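Take a look at the structures below.
Presented sequentially are two complexes of subunit A, the first with subunit B as partner and the second with subunit C.
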Partner chain A sequence: MTRTQLIGLLSAILLFVAIYCVFSFAEIEMTMLEVQKIFYFHISSAFTLFLAFGVTFISSILYLIKRRDKYDTIALVSTEIGIVFGVVVFTTGPIWARFAWNTWWNWEPRLTSALILWLTYIGYLILRSALAEEKKRGYSAVLGIIGFLNVPIVYFSVELWKGGLHPDTSTKMNLPPTMQIAWLISWLALTLLYLFLLMFRYRVEQMKLELETIQHQQMGEL
Partner chain B sequence: MHKGLWITVLIVFGLVFGLFLFSQIPVAITQDEVSIAVSDAIAETNAQVDEMEVEQLVTQKAVGKLEARQKKRLKFLVSAYFIIWLIFSLYALHLAKMQNQLRKRIEQLHDGLQGKE
Partner chain C sequence: MEAFRQIGWLIHKDLALQFRTKDMLALIIVFSVLVVLIFCFAFGPIFPEKLEERGKLAASVLWGTFLFAGIITLNRSFDIERMNGALHGLRLTGVDASYLYLSKVVSIFLFLILLEVVVTPIALQFLDILTVLPVALQEQLPWLLLKLIGVIAIGTLGFCAVGVVVSGISTNTDGKESLLSVVLLPLTFPVVMAGAKCTVSLLTTGGLGGNFWISVLIVYSLVFLASSYLLFEFVVEG
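This part shows the complex of A and B:
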């Protein structure tokens, strides 16, 4: 069993434990009742999204300093996976919002800043596909760094701009112990899932590079 | 790998869905919900003569309303978890498909290079 498969297996097991904890162990919240259970994977996905873009940020800095292709590849694959986690956040969020706030979307600080963050990294992928090979790595690394500056703004948006619909950052500390445990296990499970997808996607990207090298060799022979 | 992943995804879906269907979700009803449901039911009930009948109708209506609300809540919950499962499964399948295509192409090119030699 390879390291990637082992992490994949561990993440699958932990996802089951997380689902068990969410549905059977964590107590029911008395305002939103069963719908509140969306919270565990919604918030965990948002935190994993921050982690993914954090990896992009660090890899982009390392690429600009050391100019090694592997850092650029890690930044690219981490961005892609971060965007996938973003899709989870932006689909489960409106389901929650429709029930809690009677609307699918609201232009409040947390939602708006998170959307800007997500769109910035979609822009990162568009930029990569639009630029020539020699330019795309440097320019996208710069965007990968600038984009991450929005993460603290998203996180502290409720404190920065009063009047939002999301609760402030201290709410998670006031959760009952069973809810806190279920949330932490869900977060750990999604972090492992992120790690698995990162290693899997990185291998695919390496295969792409290998294919390009062989094709160049063949072209050289012709 | 690709076929194995499909089977895994289907098994995982079955297990998650089974866990969701068969795990006991306690029905928690708040005092506010009971009051709202009872007052709504009283307002909508036309029976005026038999008090027992009125009480029965009110109870039926209140229980009906509470069940309908729980159904609605569960619909939201299932939708959210189904979407999460769908997104990750589709992405994993996309990666597996891409990996298979690349592996086949690399093998073809390697075979081509060896043939020339």
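This part shows the complex of A and C:
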């Protein structure tokens, strides 16, 4: 069994454990009842989204310093996975907001900064796909860095915009032990899932490159 | 000193290209006035009576207009460099990439400031802001306009700082320059937010007292100016 398969298997097992913990082990929250269960996957996905774009940021810096293609590939696949986790965050977020704050969208700083970051990296992928092959890597790395630098400023701006009165969503600190365990397992499961997808997509990209090299060689022979 | 001389010449070259035919300036001013008109048709002819509401409307009209105008200017500015490989030619002269970056930021900034100086009073007039301004503010109108242009200038600098890098990248997409807006708009989110808030504060109180937004504008401009300055070399090299 390869390392990727092992992590994939581990994340699959942990996902089942997380689902069990969320629905059977963690106690039901008294105000929001069953809807609160969204919290475990919403927050964990948001953490993974920031982690994914953080990896893009670091890989982009490393690419510009070392000029090795593998860092560019990591940045690319991490962005793609981050965007998928973003879809989860922006699907579960409004459902949570509807029940918690009686509105489908709340301009909560964390949620808003995640949205801006998500849109920035969608732009990154669109622009990347339009760039010529030889320029793609360097330009993408520059965008990967600038996009992430914007996060603290966006976060601070939205917090100021809200006048510091936004509802405190950092309830994990006051969670009962069963909920805390369920949340931690969900978070770990999604982080491992991210890692698995990253390694898997990285391998696919490598294989694509290998295939292209072989095709070029064959064309040369012809 | 040599650096300043080179940057000065590059700025001179950019401005000469922009103003040589006056076409670009005329086009962008007409475009901006049209955008303001569209906003006025959408919200008018009777605008909100409350000063704060009117201020918010004016801020959104001004910043929305300048954002669109800025994107067109950036696209145009790099289009000229791309034509006939002018940028490569410049690099062959041995000019440092950071000088190129600074000159581009300054020339686009100056061009946009000129536009803003012309369009801001027109927009405020179209929105009939004078009728709701308190008498004390009406008496200090030139001073108020000056402060407003100052705030817009800081925001424009931040916009240019990041816009030049993104524009430098997007011009390499073979006719897909419209992609610039997809990437640039999320990045300029703090500028629009902080700039609009400062504008509302100026139009309603005449000052920025106790307003943190001006700090956000300045911090954003400085962070992006510094990071883009460092990264522009990679944009020129590819």
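The rule is simple: the second predicted complex is superposed on the first by the 194 of 222 C-alpha atoms of A that agree within 3 Å, B and C clash if a C-alpha of one lies under 4 Å from a C-alpha of the other, contacts with A are read in each partner's own complex, and residues count from 1 in each chain.
FYI, a contact is a pair of C-beta atoms (placed from the backbone, for glycine too) under 8 Å apart; a residue touches a chain by one contact, two chains touch by 3 or more.
Here the structure is a predicted model, which is why all the values come from computation and not from measurement.
Asker: Which holds for A:V204: it touches subunit B only (first), subunit C only (second), both, or neither?
Answerer: In the superposition, A:V204 contacts subunit B only.
Asker: Is A:I145 contacted by the first partner subunit B, the second partner subunit C, both or neither?
Answerer: second
Asker: Once chain A of both complexes is superposed, is A:V88 in touch with subunit B (first), subunit C (second), both, or neither?
Answerer: first
Asker: Based on the superposed arrangement, let me know which partner A:W96 touches: subunit B (first), subunit C (second), both, or neither?
Answerer: A:W96: touches subunit B, not subunit C.
Asker: Using the superposition on chain A described above, determine whether A:H42 touches subunit B (first), subunit C (second), both, or neither.
Answerer: A:H42: touches subunit B, not subunit C.
Asker: Quick check for you: in the superposed arrangement, does A:S24 touch first (subunit B), second (subunit C), both or neither?
Answerer: The answer is first: A:S24 touches subunit B but not subunit C.
Asker: Comparing subunit C with subunit B, which touches more residues belonging to subunit A?
Answerer: Of subunit B and subunit C, B contacts more residues of subunit A.
Asker: Touching subunit B in one complex and subunit C in the other: list those residues of subunit A.
Answerer: Common to the two interfaces on subunit A: nothing.
Asker: Can you tell me which positions in subunit A touch subunit C when the two form their complex?
Answerer: Residue positions touching the partner: 64, 116-117, 119-120, 122-124, 126-127, 130-132, 134-135, 138-139, 141-143, 145-147, 149-150, 153-154, 156-158, 160-161.
Asker: Residues of subunit B touching subunit A in their complex?
Answerer: Within the complex, subunit B touches subunit A at residues 12, 15-16, 19-20, 23-26, 28, 30, 70, 73-74, 76-77, 79-81, 83-84, 87-88, 91-92, 95, 98-99, 102-103, 105-106, 109-110, 112-113, 116.
Asker: Over in the complex, which subunit A residues touch subunit B? Could you list them?
Answerer: 12, 16, 19-20, 23-24, 28, 30-35, 37-38, 41-42, 45, 84, 87-88, 91-92, 95-96, 98-99, 193, 197, 200-201, 203-204, 207-208, 210-211, 214-215, 217-218, 221
Asker: Applying the document's contact rule, which stretches of subunit C touch subunit A when the two form their complex?
Answerer: Of all residues in subunit C, those touching subunit A are 162, 165-166, 169-170, 172-174, 176, 179, 182-183, 186-187, 189-190, 193-194, 197, 212-213, 216, 219-220, 223-224, 227-228, 231, 234-235, 237-238.
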